[in-house]
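Heads up, the thing below is written out as structure tokens.
Note that the chains are named A, B, C and D in the order they appear, and that numbering of residues resets to 1 at the start of each chain.
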Amino acid sequence: MLAVTDLRIAYGKTEVVHGVSFDVAAGECIALIGANGAGKSTILKAICGLIPPSSGDIRFEGRSIGGLPGHAVARLGICMCPEGRQMFPEMTVLENLQLGAYRRRSEDISGTIDEVMTLFPRLRERASQLAGTLSGGEQEMVAIGRALMAKPRLCIFDEPSLGLAPKVVDEIEETLMKIKNLGVTILLVEQAVSMALRVADRAYVLEAGEVVASGTSQEISNDSRVQSAYLGG
Amino acid sequence: MLVDLLQQLFNGLVIGSIYTLVALGLTIIFGILGIAHFAHGSVAMFGGYLTYFLILALGIGVFPAMALAMAGGALLGVVLERVAYYPVRNAPPINSFIIALGLTLIIEKSNLLLFGVDQIIVPTGFNRIFTIGGLALPELRIYILLTAAALVVALTILIQKSWMGMAVRAVAQNRAAAILMGINVHAVSMFVFALSSALGVAAGVLVGALFAIAPGVSGGLVVKGFAVLILGGLGSIPGAIVGGLVLGVSETFASAFVSSAYKDVIAFLLMIGVLLVKPEGIMRRSVAR
Amino acid sequence: MIRPVLLAVVAAAALAFPHVVTANYFIHLAVLAMVWMIVAAGTNVIQGYAGYVSIAQGGFMGIGAYSSALLSLDAGVPVWLAISVAPFITALAALIAGYPSLRVRGHYFAILTLAMNMVIYIVLVNWIPVTGGEAGTTGIPAPEPISIGTLEISFERRVNYYYLVLAALALTMLIVTAVVRSRVGRVLEAIRQNETFAEAAGVACWKYKLFAFVISASLAGFAGALYAHYMSFISPAPFSVDHSLNAILAVILGGSGTLTGPLVGAALTVALPEVLRIAEIFRLIIYGFALVVVVIFLPRGLVPWIADLAGRDWKLPRAQSAESR
Amino acid sequence: MRRLGVLTIAAAIAFSPLATRAAEKTLTIGVSDALSGGGAVYGVPEKRAIDLAIEQINAAGGIAVGKDKYKLAAIVYDDKADPTEATNVARKLIDRDGVKYLLGYCCSASTGAVASIIGREDAIMLVGTAGARAITSAGHKNVFRTRPPGDYTGDAAGRFIASQGVKRLGVVAARDVALFTQYRDALIKAFESEGGKVVAVETFGGQDRDMTAQLTKVRGLEPDAYFISGYVEQVAFAHRQAHELGIKAPRFGFSGGSAAQFLRVASAEAMEGVWDLIAIEFNAEALGENAKNYAKAYEAKWKEYPTPNSAFAYDQVYVLKAALEAAGTVDDLEAVKKALRNLTVPKEVVLRYLPVDGKMFDPKGQAYISNGAFQFRNGNWVFVKELPSDAAAYSKFFQTVRD
């Protein structure tokens, strides 16, 4: 579904991603793991059209999307649940969810809202509250729900557990499993490596802008380097 | 004495409703694009002139002519965004600011060139005067209040209820997230310029009906608009509404009870005071609410 | 190597000008151009170096002009003293206005200075007993003649006033050069490029910004005083917002953040309409287009652009171009 | 406006003596007037009147100076009624264009500025409509004015208002145009010396078009009558707003605009009964043959009826013609000044001047005409009566003041 080939990205003259390749098949859940500054978020931004790649190819369902503007990528059905939640803080929870369905604005979205609220009952209670006033965990739910509102073909999660209490992280993990079981294709970027590996089918390990290991989650979990670097083993 | 107070209040509200319209256009542009669109007053004047000539040329009433002129203004707004502001969207803010100053000169003087130097008054035919107690309520001023109110309500509904309005608010609050939702920020920019220029044109028509459109009027108008913006908080729609009325009324009272010579100074002092004490304005900063 | 030579050539040309071009009118234009150069050089400090757009330069010019004129007319202060004091009066006004205003940044600051200019203008128009209102103040004396031996130099004569303003311009350039090449100048550039960074690095930015603002204003006031005693008549009109915009245009057109750019820009804004002999209205439309086009296509202004074209290494302290940020 | 390159100008200056010798002689005069902005309602008609006079003089063979016949040509600049712009224009005309005679000048502030510097210049300035006293009272030997100063008329107006039975007068007037402030002060002084009381003096500025606040305030003081003065564009708004506020008391004023100029802003209903107390500037019925012919010619050329004060400018040109012919020179300014000072009222002028000591201009170069009361009736100004005014007495006082 998504194929990234030899992707290079530079900020100004400094190249930060040096020829990364990976792919995501339909229905799969893939994790990109790596330390802070490994280039994970940069790659996601390039996929979503927020920054242009300097070279390499990004294909989505066979079509090259590298350099396409962000809104056009979103309209193809690639939806990102961004790092730091990125609420529309002065809109209500309901409005945030509605905006998630912006690419489907000609359709009736009340059914989808109902589905998302069933997934996150807390959001139903908070529907008319301003998103900026919610707790971090609740905001993450809004962010995930908002991404689902688009009925995405590919859903990208950028550090969904960042800055959340361990109990909430467990909830997020549960939610990701639910979404995966709904059949949504997922690209997950996480620093919480053990959680990511529990959710994902396959994983790529990034270090300093390069893929240093890849394989099924099982294989990666067993990789000694990964164990020592990320899993505290 | 009470009648005089009420009379001054009514007069102040009429002027204030025009300030509100000007400020609304400025505030949505600032909220979305962070541009201090100084040419807004000249666009308003352009609209007033255009309406005047449409009324003369087509023999239509003031409201249809105003609607046409607003459409023309919207188009002009889109052109300004595309041609002048779009190329500097990623440059430091000082650049867009200087573009705005340049556009002001161009539009202001083009108005002179196109429409001449004479002051013009938009003919309305609303000459009746209603009197309640000792309070004189000229028909024209009532219509101005109503027109401004109708436009404010229409804008509020548009911004609160429509998909485009949601997109506008989304871009104002979180540009990056809005892009991820599939919102085309450039389309929103153009829409915002079209919308605000149409509002500006409406304000220009009202000024032209109540007073006159003449070279030099636009400068005062745009500065009052910014004063309102600062009073109400840059980017805040309710702030613009409240701020406009507050400025209109306080100016009228200042003119009557303090000094008609320094009424503009009083408005600026108010603005400077707000900036220094409560820089976010008397209302919260946001296009959202 | 090339710069001292060029400087000498320009200086020689400036000194010779009134003897080559003897038509009174062109000397008049040259005086006006130099007055504007002083304003533009000052504007450049706050706008080109610190990156803050001040739309109050016209107003500060007015404060300088009126204080010098009124001191000499009403208080009987010698004109030389009045002209020397005017920049300090203006500086004081700028200090009072700038201290609170510089707490805000960017657009807020620009709008605030615009309001300042309008307040100054309104006061000039309405404080009729002192300023004479819109009708202005007449009969402002020229500086007292200087006697060197038997030679008496009268500044009623236009040529002599030309040399006076030329000397003032040279003084201005010395001051501005000293400021921008000092540590202060480097801090101002840092503020322009990233104020938050500079702040985080422990620089008390507000002090430097205030200093830049006050220097800009007092040079405008200086120019205003020179203008008043040259014209012998002033009214509020030349100190309106329009003329603040003119100063901004001069800086942008010539090259903001360069020493020579604003001078070239100011000369162009005075000379162009005369050379083109076009109606005022077209001139202003052309100015508008010039602003837009220069900002979009030549964000660094004419002088750096020409310098680049000439392929020379002019070691001017110049603004980072917009696109590299 | 001539649009020539600098080089062409330089060439023209360099070769102008040659050119004059070769062709028939032309005397170029400079015209500075407000052709745009708020003053344009006065400046444009003034410029048109000058154009008309020049055309007539040239068609009749020009000006006979000694043995030569001079045709007139004008270089016209827009001074926007702005003092600074007007001084720049004067510099251009004198220094660059080499003009010796400056005409036009509709507005007080701009004219006052030029008058303040003209004393040092080698030129003669003929002032049209501008009414600030200092323009001529300052006593520059090269300034002459056809229009009487504002306070000359204001005094007569104050007495007239009192004679109408007004006891309490509310004043709403232009704030700082010397013409209007001097008129207003003279009016108040005269009105109070007749036993009247001024209940309030409210003012408005040069850009204001909303006088509602001031009018509402004065309305609350319940005066018997209002006095509203300023430039037409603004005063028309004040009358419209007074009408909107339901003010029924009589409104007197001073602005001297044509009916058409007022009706562009205020309805005939709002204007009905309003008084304008002005120098009798122009009234074809009251003034006779010359005036009728002027109105006819002006209307034929410009497709509109002349505004009242345009006649001052028209007369300027004939005054200059008479003075040049009397002096027998166009180059010797001292002789021309002397001729102007000794001039009797030329026969071609439209207005009825009141000579002082038999001469058109008094020792300070000031001319006088009579004052009159006009009232707006059924969409037009109607001449009601002449206001008693003593030109000789005023002139005597005028010699003693400098501002």
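Basically, contacts are C-beta pairs under 8 Å (C-beta built on N, C-alpha and C of every residue); 3 or more make two chains touch, one makes a residue touch a chain.
Everything numeric here is computed off the predicted structure, so don't read it as measured data.
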item	value
Chain at the geometric heart of the assembly (C-alpha centres)	B
Farthest-lying chain, centroid of Cα atoms versus that of subunit C	A
Subunit A-subunit C separation of Cα centroids, rounded to whole Å	54
Centroid distance [mean C-alpha coordinates] between subunit D and subunit A, Å	78
Geometric centre distance via CA averages, subunit D-subunit B, whole Å	39
Subunit C and subunit D: spacing of chain centres that average the CA atoms, whole Å	38
Junction residues of subunit B - those touching two or more other chains	112, 261
Where subunit D touches two or more other chains, by residue	175, 205
Residues of subunit C touching at least two other chains	126
Interchain contacts (touch definition) - all pairs	A-B, B-C, B-D, C-D
Touch list for subunit B against partner subunit C, complex	30, 34, 36, 84, 87-88, 91-95, 97-99, 101-110, 112-113, 219, 223, 226-227, 229-230, 234, 261-262, 264-265, 268-269, 271-272, 275-276, 279
Of subunit C, residues touching subunit B in the complex	47, 51, 53, 100-101, 103-104, 106-108, 110-112, 114-115, 118-119, 122-123, 126, 241, 245, 248-249, 252, 281-282, 284-285, 287-292, 295-296, 299, 322-323, 325
Sites on subunit C touched by subunit D in the complex	23-25, 28, 125-126, 128, 133-136, 138-139, 156, 231-235, 237-238, 274-275, 277-280
Touching residues (chain side subunit B, partner subunit D) in the complex	1, 4, 7-8, 11, 15, 112, 117-119, 121, 127, 129, 131, 134, 136, 138, 140-141, 210-212, 214-217, 220, 252-253, 255-257, 260-261, 263
Complex contact set, residues of subunit D against subunit C	1, 3-6, 10, 13, 78, 82-85, 87, 91-92, 95-96, 108-109, 112-113, 116-117, 120, 132, 175-178, 205-206
